[in-house]
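Labels run A, B, C and D following the written order; every chain starts at residue 1.
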């Protein structure tokens, strides 16, 4: 199948939709992004890469980074991880403290902010230099050394981290955070501030479509079973409180970020990354969601 | 692949697990079921049927009936249905009123009790004789006339329906229930009290593995797109607040009931029904969950 | 002190405030009340009665009836009652189900709807003819035989009782309601539909200012200790989720109803009833609240 | 009335109750307090002081300090304060984040931890040296220069402040905290760590029984009206989620702390401070509650 033709067609059809959403504005560094940007990239399990539009422009991956840190921690801890964080959809907004209070500081899943903080906390216990380790891992799966923290974004996040600091201290009060919360927040804001292109993101997720194997160097990053399970988790929890709707309409495992990026996989075939900064009220890229819904429809390749 | 051999092997391996759970005891008619029963049936899209154990014993399908009524209503209302009920995992126990209060009487999805009551309420507006219509539909998809209400179960449910009556009256106070709540409860308790075998259940779900087409009479029950979307909904919401965990461990769309039955599908291939009355604390059959986890592992056919 | 002069002055000052609130509109029988009515009556512990404005017009006492039924049940059950209903402010809106779910069907206090239903349920176990018993009790404390149910209001309430039916069935699911919920609702809607005047209400509450003794016939209705405790309960819980604010601004124990009536007491001195149908968003009479705030300020007799 | 005789009698009757509760153990500095201590002091509006037991032993006043800071801020801000913090009972445990989330960062009242943090935050904007200002105010109302921070307690609190840090950052995320949260926590932990005796506490609260006037120097600390309103607030909110029960059983406005101290007032007459470190599950001193219930019963002076 000619994926390039498919995404080019979608790109042309969806591009007129600019102007329907709102760029994330909780930090200045994101609020100032030009909203009228849009890119798509596809990476296949047999090593092809193709893209359209702004697919080689760097943007802030934000919550997409939660998948990378989860993979890093899962490799070390395996299923012992699940006593510290659940695997169930959250059912409420992505930064809710209510659920945490009723469930004694154990977040529902690793993709809500609270859960991602638990993962980063574990990662800090596994690596002496956690920020360097994260960059190194992402460069490896993306098959390129050209990946860095956008420190302006990271510092801006740190200055507006009240809600995440509240989550961190709250979980620490239940004993579910080991590190100093300020240090944890520094690592977390840096991971969220990683800048990548659609092309790099597509490449970095293709191992999840390839039974856990990085096709660029044949490294088994996760076992086949664990790779499939991670896909299941992305399907049920990857899109905040819009996860059910995304599964219903699109049917691909994936992860979104408030920078406007979304990455999704079709198991056995490919990964696809799309980016456009305008968000819907759930914090997901409007044009990204539309792109992926059309992509599965056009390809007729829903996992269901 | 020799499915009969696979399920026979699983049956023999899992059977020693009797005694780890608790039969549903909220109504006498269910509490008195012999716990040491266990059956598995598989129905393939090309029309094969096979089973093992108590796969021809009738049991109370309970919440599995929610899939049948949803299909019936979706056929008539299409996507206009989704203004009355959501498509998101609930994140809390299956009969929670808290979520309903915060979301103004609109249940999170059609598989929690509140959502299923909304569906049955709609069905009562579509059919003059809703109970007969339900039986007729189930007989048609199960390809057998031998399906009835267990009226002892239905009446026992009606006598212990306080929680569901609360849900019904509560949603009516928000204007999201049109019928008289007592009449609604009568229909609902009857649909939950349908008695079926694993064999019949497997047959009645195989259209969802077959792009919406009933293989026994080639009827297009749902469009291909709608059939896939229903599978997505079962994956994210079919197992109460254990849905995420089931997707993670098993990776099949499906639906469980407190009678101890579970039906699941592998799109493009087959449906599988398993029944054993002992439940885990989430209300799902312990041996059923174990059976399905082994089934996907043995077949290596996760959708992910 | 010349109370007549005080309330006449307040009446003249407050009367221009008509038009700031909204008459209760959840049932037609209340929605049709003329909003521009306003009356005040004072009953002193030494037997004086005085009033101004529409103080001899009957109106629907609604939640004020909760005090009467509580007194009736307390007389029989004493402190054994408190295992079925709490004595703490509810902290949330007066018909919330959330709190009930977290506290296993035990309402926070007898003045929220759920708690009042528990009280009426107990009353039905104490009296063979509960509706007659309630009327008889109210006539006795009000020192007049001329008190009846407004059956038009009662029946209208019954037709719009979805929320209260939800509360009743929900508590029954926890085992905290003994009677049939429909029968309970009939009694409850009748008690809420009692029609009384300000004069009658002031007289019927004066025993709570008089250490539990009805000054009209010297009957000890409640022990002195229990009478004081009931006042404490009215102070902390008598005004829905505006109780704290009422205590802060007015400092009198009292009870309000959505019919626009409020009764309050100054221990050792008097009871005062005020009525005007326009409500604030919390369901309390705007002019009633204003009247009572001025009354304690003018008299300088706060309990604090 | 011979208050000394009354409290001596109560002291002797209640003293055998040692051993029924648990000393606060969330910080080592409090956990190590000898549980078998018990003191009572009374200060009358006409300047008498009397005490029994350990009434001259210093202990950690903890949440009782919330009254002092509230008075300090009320004097400057008046009713403009109430847009930042409510006046309603909280209905849930004293450090709940749930309510804060639903009410957009505005705490229910100044006596739950979240509300007290808002008060201290305001105080920091009013005073350049807030810690010194607090000490100076407390020394003034207690009529003694001998009052200090127990810095061991304050530092221990700071090291175990995760829950309060979560509250602070959470409210800051809603814009309801102006200062740096770490600096705020330093001031807050110091105010909680003030060490006082029963005698000093009774003296420091007597202005609230005296229409706002400090009887030791005739200073009008609060207006009469504001003083009465503060008493109302203590009655409805002063004892965490046991406030309703305390009003019901005791009927005095007051404030408790997890150090085991309670201060309460009888308007127009006196203040009483009692201290014993063993707490009930709500965080209130068991022997303190018992003492105050007996005190009002013996005196027959409930405000109701």
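Assume a contact is a pair of C-beta atoms (placed from the backbone, for glycine too) under 8 Å apart; a residue touches a chain by one contact, two chains touch by 3 or more.
Keep in mind the model is a prediction, meaning the values are calculated, not measured.
Distances between chain centres, each the mean of the C-alpha atoms, put D farthest from chain B. Between the CA-based centres of chain B and chain C the separation comes to 47 Å, rounded to the whole angstrom. Inter-chain spacing, taken between the CA centroids of chain A and chain C, is 55 Å.
Distance from the chain C centre to the chain D centre is 32 Å, each centre being the mean of its Cα atoms.
Touching two or more other chains at once is no residue of chain B.
Taken as a contact graph, with one node per protein chain and an edge wherever two chains touch, the assembly forms a single closed ring in which every chain touches exactly two others.
Working note: touching chain pairs come out as A-B, A-D, B-C, C-D. Contacts from chain D toward chain C in the complex involve residues 86-92, 99, 108-109, 225, 227-229, 231-233, 235-237, 241-245, 247-249, 251, 253, 267, 297, 302-304. On the side of chain A, the complex with chain D involves touching residues 96-98, 100-101, 162-163, 165-170, 172-173, 181.
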